[in-house]
Structures are given as structure tokens and as C-alpha cells.
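Next come two complexes built around subunit A: one with subunit B, the other with subunit C.
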Partner chain A sequence: MARGILFLILKDIRLQIRSVDAIAAMFIMGLLVVLIFIFGFGPIITKPAEVAGVVIWVGLSFSAVIGLSRSFEVEWREEGFRAFRLAGLDPGAIYLGKVVLNVVMLLLVALVLVPVTLVFLDVLRPGALVLLGVVIFMGVVGLSAVGGILSAVSSQTRGRESLLSVLLFPLLIPALISAVKCTRALLVGGTLAGAGNWLRLLGVYDLIFLAAAFLLFEYVIEE
Partner chain B sequence: MPPRKGHGCSQGGQPAGWDSLAAMGIVAGVSMLVSLVLILFFAPLEKEMGIVQKIFYVHVASAFAAFTAFGLTFICSIAYLVRRSRAYDQVAASSVEVGLVFCTIVLLTGPIWARAAWGVWWTWDPRLTTTLVLWLIYVGYLLLRASAMRERRRAVAAVYGIIGFIDVPIVFMSIRWWRTIHPVVIELGGIGLSPRMKLVFFITLLAFFLWYLYLLMIRWRVAALEEEIDDLRKRRISEGSIP
Partner chain C sequence: MTARLSTEGVGKSFGTHRVLSDVDLEVRSGETLGLFGPNGSGKTTLTYILATLLQPSEGVVKFDGDDWRTRPRGIRRQIGFLSHRAQLYGELTARENLEFYAGIYGVPHRRARARELLELVSLAPFEGEEVKVFSRGMTQRLSVAKALLHDPPVLLFDEPFEGLDASGREIVCDIMERERERGKAVFLVTHDLELAHRLATELVLLVDGTIARRYDTSSVGLGEVDTEYRRYTEGEKDQIVGGGARYSWPEAFCF
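Take a look at the complex of A and B:
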């Protein structure tokens, strides 16, 4: 199964490299959200370190929706699922492959988006960057874990992907609250000491939904 | 387990007939009336809040019914994926619809009470906020059912019904912590109930539960009839009698 997942990830990454439009759209979306926040709240942001977390996570979740909504399009169009089944690939492997792909794409977006936001708001804290990377990774895993199965669900509706954000955002609330809390603690205090149980909650959220979606995925894509 | 075909599955259980529906309706209706009379004339006035406190009976009983409804959807969604009988899918969908009605009542009565008791329409209390998120999740469930492709509708709705319910305790936990880190303006706990209040409260709880069951039974019956009509239409189309 590990080989199957690896094969799927490589296939998807190759597809993404050959057509940069997906990742470009994700990045521009994230950047626009950040700019809208700063244009909208610019003069009244008196504590930028407290606000930066919200800006980053709203930006990342909007850009995640763009990436997720496309992740199964190609499989339906090109009969990918039938091919995977013929190849004897486990449905869970297909799911994990898509999650990894979305995590990689979102991390690439975050790699640019997060520093840009921190510079715009002037809250760059070099000492906290490693821990910030951990928080971003865990949050992005949560986004992709739930988003991965819900984009497969919404790809089977008449409007195709238009339903995704309606289904996704209510379920993301715990992950987004915890990610914002951790980010804020890091940017304000430089450590996770002020984050309390939030990082643990985020970890639990990631694991629960990865496991649940892994088990349920076969029912979503069966024919 | 190999996935089986999502469509053309067996009906499984049958909804109750009109006779038992009528009987259930009388039982549920009478208990709703009894609880209303008790709330208005038997339950004592609360010392500080006065008459407004009486909304509490309706509010909590509706919340109880809504959570029961969504819990049943969760169980029926799992049962559908395992057994593939239409009955589970119909009950899951019907329960969401009825649950959303109760959930809406919770969200409407909550602010009315909060305004009178606490001076604000809305507080980000864990229970109230979780109910709002719950409402959003299950409106999403209905939207999904409405727009999912016919032959895939049951399976994807069941998956969403399961994932959505798993989220509920996590939402509650996260919002409780969120509130405890910020200064908590109002604490909901610690409402002492007098024995008479308690009696009225439990009768109302029971009445709302019966009323929920009654609505669920009707809705299931309607859902089963809808699908029967659908099947008949499909058969006639395939026989060529309808162009």
C-alpha cells in the first residue's frame, strides 16, 4: 500500500508541476485574503501579533478550498478511480495520496504566504519560526484530512465543487480555532506556553479525522 | 468488505402505517398540551427572571430533541453503510429534517432568554455556539442530499452524517476552552431547579421527545412514499408508457 500511495502522490505532483495553474490560483487566493484583511482593518490593527494568526489561517483555508475542489476533478474526468480499482489499489490509499498532495501544496503556499503576512504586519519573529512551521503543518494536515474526503463527497453533486466550502467550514471550526490560538501564542510570546491544550486538540483532531476518513473513503468513491 | 451497489438496494424496515401514526399523534399531541399547561400554570415563577424563565423548558427540551435526532442520524448512517437498506437512509434523512426544526427553536429561544436574563442577545457560550455549528453542519447535510447525484446520494449523505457527528464533541470542547481562556461573562451552570420545576422540566422533555418521534415517523412515511412514486415513475419510463 505504501508503494501505491507513493505512486499516486508522484503522479499528482507531476500533474501539478506540468500545470502550475492550481498552485498559482491557491497562492493568489491566499494573498488576496491577506490583503483584504490588511486593507480592511489596517489602521485599527493595534495588536498585529494577535491578529496575524487569524489572517494567516483564513488565507490558508480559502486557498485550501481552491486546491481541494480540483483534486478529484481529474479522476472523474479521466476514469482515474476505475483505473485505481483495476490496479488493486486500496481506497484508503487513494485518500491518503490526495491528503499528502494537498498538504504539500498548502505547505508550498504557506511557505510564501506566512512570511509575507508576518512582514506586512511587522510581526516577524525569527526565533518562533520552527515552532510556527510545526503549527502550520498540523493545521494544514487538519484542513486536508477533512477537505480530502469532503471534496470527494462534493465532487459527486450536481454543482460539482460549489458545495465544498459549505460542507467544509463548519467542520473545520475546531481545527481553525486551535491553529489560530497556537499561532497567536507563538507570535505574541515566542513559545507555545500560552497555547495551553490547543496544540494537543489540533493533533487529536487531525488523527480522528484522518482515521475516520480513511475508513469511510471507500463508500464515497464506490460505483 | 467489498462495496455494494448504492442504488437499487432493498427497502429493509417499513415506516409505521397510518393507524399507528394517528395513535402516536394523539399521544404526542396530548403530552405537548399537558406540558404547555404545566409550564404556564403549574411551574412556579422564578424569583429573579420571572416569566421569561419559562422559555427554559421549551429551550432545553428542543435541544434534547435536536441532539437525539442528529445522534439517530449518525447511527442510521453507519447502519446504512453496513446494511444498505433504504429504511436506514430514509430515517437518517428524516431525522435531520426534524432535528433541524428543533435546532432552530433552540437558536431562537436561546437569544430571547439570554436578552432577558443576561442583557445580551447572544453570548459565545459553548452550548449555544455548538448548537449554531450543529445547525450549519446539518443544513449542509440537506444541501448535499438535494444536490448529490441520484445514485450516489445515500452513500455520500451517510458518510457526511458520520463525519459531521464526529465533529460535534470536538467543537464543544474547543469552544469551551476558547471561552475559559477569555473572560467568561456569564456561566450557564448552577441553575437550581425547585422540585415543581424539575417535574415540569422532565414532563416537557418527554413531551418534546414524543413529538419528535411523531414527526420523525410521519417524515419517514413521506420519504418512503416519495421513493415509491419515484420507482413507479422509473418503471413506467423504462416500459415506455411515459415518453
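Take a look at the complex of A and C:
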């Protein structure tokens, strides 16, 4: 299974580098959301550390919708899923390959969005950056885990991005609230004190949705 | 000899629309079975069922006498499938596409195998070109190479000559003949009766999802097959003009 996942990821990364449009659209969407928040509400924000988390996670969520639907659409268009099934690839491996790809792409987007948000809102806390990285990673895994299986469904349809948004955001509420609470705790106090339960909820959310989608993915791509 | 690939009473419905009924076929090692028939007769649906990518509504598909569902992954890896879609990535080069598929099939010496197949389909000079700049014929030849990558014992070719020029057709014909001589079981779907008659050991005419005729190509000439096929297709047209409702109205008035 590991070999199959590795080849899928390498192929997808190569496709992303060559086609550029998906990753570029993700960066632009994320930056646009973040900058609108910062410049639109900046002058009236009295406690920037309290809202920075919201800005970061709204930007990442919008980027995720674009990246997720593109990464699956190419496989439906060219019958990639059928070819993978004929190659005997485990459907779970196909799913994990796509999740890893989306996690990598969202982390790249986060590498730009997070510093921009922290610098422009002047809430940079160097001591909390490692923990912030952990929270970002866990939140991005949650986004990709749920988004992975839903975009596999929605990318077969004509209005794939709008359908994905309708399906994805209600399911993401627990992960997004947890991620925002953890980010806020880090940016306000520099530690996760008081946000431990939110971090645990985020971890459990990631595990449950990864496991469930791993098992259910076969039914999404089988005809 | 047990058939390498066979179907027993295979039928398929999509909702209330019946596409295939009671299809019995056998493809043995070292033989080519050619399937032909008018548009909408169920050829592609049958090919997807044989490729195990679509479940039949009734009946079974067997590999070496075993229902494929008993060991789906092992059986699927024995199939080389050329579908209507190229199953190739436009942003990857010809060589990268083949190496990727060789990788997920676990083919040893991926680069050498990709190179060998690119030469076989006369695409070696274009191995570093991205597939999105390929013509339809070049893409089709690369798809043929992809289907052969893991040296599968069963080959399913759905319209392999589509988009190919004369030399491309010869290349694919040579490959199919060579693979059959190597003991592969080959299933060919085509509208090109001349090539089907040349390549196939048995020809099967599918009409309205049922097998209408079978021909042993060693004893029945191309002319006879062609004449009968025309009779069937003319009959179809008469039925439509006479008020039959099997086709949607725009298609029925396009003669």
C-alpha cells in the first residue's frame, strides 16, 4: 500500500508543479480572504490576537475548497480511479494519497497566510510558533480528511466547488471551532492552557474522519 | 481448455433501461474475440463489465473458471484495459505517464519497460513531450502501451483504432497479433469490420444488448459478415423510421 501511495503523491505533486493553476488559485483565494479581513476590519479590531485565528482558518478553508476539488477532478476526467482499481490499488491508499497531497498543499498556503496575518495584525509570538505549527497541521489534516471524501463525491458533478462547500462546511464546524480556539489561546497567552479540550477534540475529529473515510472511500469510487 | 475469460448469462440494467441481456462469451488464451454492433448496442458496457469495473445486474464474469469477485484485486491486475478515455495525464510526459503506471503495478525496471513500450508504439522520439501536446492518434498509441505495461494475460481493447492513421493502425494490429501469438486472451471492440475480421478468431455481433450472431472467422468471409451486419443495421433504421422508439428523436432523423 505504501508504494502505491508514494507513486500517487509523487505523480500529483508533479502535476501540481506543472499545471500551477490549482496551487496558484489556492494562494490567491487564501490571501484575498486574509487581506480583506485585515484591511477591512483592521482599524476597528481592538483585540487582534483574539481574531487572528478566525482570519487564518477562514482563509485556509476557502483555499482547501479549491485545492480539494481540483485534485479529484483530474482523476474522474481521465478515468484515473478506474485505472487505479485495475492496478489493484487499495481504495484506502488512493484516499490517503490524496489527503497527503492536500495536506502538503494547504501547509504551503499556510506558510504564507499565517505570517501575513500575524505580521499585519501585529500578534507575532515567536515562542508559540512551534505549537501553532502543530495546531495548523492538525486543522489542515481535518480539512483534508473530510474534504477528501466529499470532493471525491462532488467532483463528479458539474457544480463541484459549490456542492463541496455546501457539504463540507457543516461537517467542518467542530474542526474549525477547535482550531480557532487553539490558535486564539496560543496567540493570546502563548500556550494552549485552557484549550486542551479543543486540541483533543481536534485530534479525535481527525482520527475519526480519517478512519471513516479510509473505509468508505471504496464505495465512493466503485460503480 | 478452460476459457481465460468468460461470461455466463450477463445482463445489465440502468434503472428501468435494459442494456445487456443474457450474454455468454468465452475468450481463450491465444485467441482474439472481436465484438461489433451498432451504436448503443451495449459494447462498452459489456467491456466495462469484463474489466470488472461495472457490476452486472445478473450473471457472472469468470477468470480461469473462477468468479472474479472471489479475488478481485488479483484478477484485476491480470487485465490490460484500453478504454475510450486515455487514462493519461496531460501535464506528464509520455515516459512519466508510463513510469507512473509501471510504479503502481509494481513493474520491475520501470524506466526500461517504459522505453521498450514507447519504441513498440513508435513514440520513443516523443518520450519527453507532455501528453497534452500529442495528437489523438499518438495519445491512443500511448494508451495501448499503458495497457501492455504489466504484461497482463488478458487484454480488453475498446475501439483501439479510433483516431489512428494507417501506420498507427498497422502498429496496433501488429501488437495485437503479437500478443495473441504470445498466448494472451484478447477481447477487441471495434466498428472496423475489416480489421476485426483480420485479427479475431471469433466475431460476435451484439444488437440491442443481446448476441445476435457469432462467426468463426476461419470459415466465414468478411463479405458475408459485412452483408449480415448491414442487414441488421438497415433493419434498425427501418424500425426507427417505422415508428420504433428505441432511439431519441434527433438520432432517429439523422439518416
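Operating definition for what follows: the second predicted complex is superposed on the first by the 220 of 223 C-alpha atoms of A that agree within 3 Å, B and C clash if a C-alpha of one lies under 4 Å from a C-alpha of the other, contacts with A are read in each partner's own complex, and residues count from 1 in each chain.
Note that a residue touches a chain if its C-beta (ideal position, glycine included) is under 8 Å from a C-beta of that chain, and two chains touch if they have at least 3 such contacts.
Keep in mind it's a predicted model, so treat the numbers as computed, not measured.
Asks: Just checking: does A:Tyr205 make contact with subunit B only, subunit C only, both, or neither of them? Give me first, second, both or neither.
Replies: A:Tyr205: touches subunit B, not subunit C.
Asks: Would you sort A:Thr157 into first (subunit B), second (subunit C), both or neither based on which partner it touches?
Replies: first
Asks: According to the stated criteria, A:Ala179 is in contact with first (subunit B), second (subunit C), both, or neither; which is it?
Replies: Neither: A:Ala179 stays clear of subunit B and subunit C.
Asks: Please indicate which partner A:Val146 is in contact with in the superposed arrangement: first for subunit B, second for subunit C, both, or neither.
Replies: The first partner, subunit B, only.
Asks: Based on the superposed arrangement, let me know which partner A:Leu15 touches: subunit B (first), subunit C (second), both, or neither?
Replies: Touch partner of A:Leu15: subunit C, not subunit B.
Asks: Comparing subunit C with subunit B, which touches more residues belonging to subunit A?
Replies: B
Asks: Taking the superposition as given, does A:Leu171 touch the first partner, subunit B, the second, subunit C, both, or neither?
Replies: Touch partner of A:Leu171: subunit B, not subunit C.
Asks: Touch test for A:Arg3: subunit B only (first), subunit C only (second), both, or neither?
Replies: second
Asks: Check the residue A:Ile56 against both partner chains and state whether it touches subunit B (first), subunit C (second), both, or neither.
Replies: Touch partners of A:Ile56: none, neither subunit B nor subunit C.
Asks: Flag every residue of subunit A that touches subunit C in the complex, lowest number first.
Replies: On the subunit A side, the touching residues are 3-4, 7-8, 10-11, 14-15, 18-19, 74, 78-80, 82-89, 223.
Asks: Which subunit B residues qualify as touching subunit A in the complex?
Replies: Residues of subunit B touching subunit A: 3-4, 6, 81, 133, 136-137, 140, 143-144, 147-149, 152, 155-156, 158-160, 162-164, 166-167, 170-171, 173-175, 177-178, 181.
Asks: Can you list the subunit A residues touching subunit B in their complex?
Replies: Those residues of subunit A that touch subunit B are 146, 149-150, 153-154, 156-159, 163, 166-167, 169-171, 173-174, 177-178, 181, 196-198, 201, 204-205, 208-209, 212-213, 216, 218-220, 222.
Asks: Considering only the defined contacts, which subunit C positions touch subunit A in the complex?
Replies: My answer: residues 51-55, 73-74, 76-77, 79, 81, 83, 85-89, 91-92, 96, 100-101, 103-106, 130, 150.
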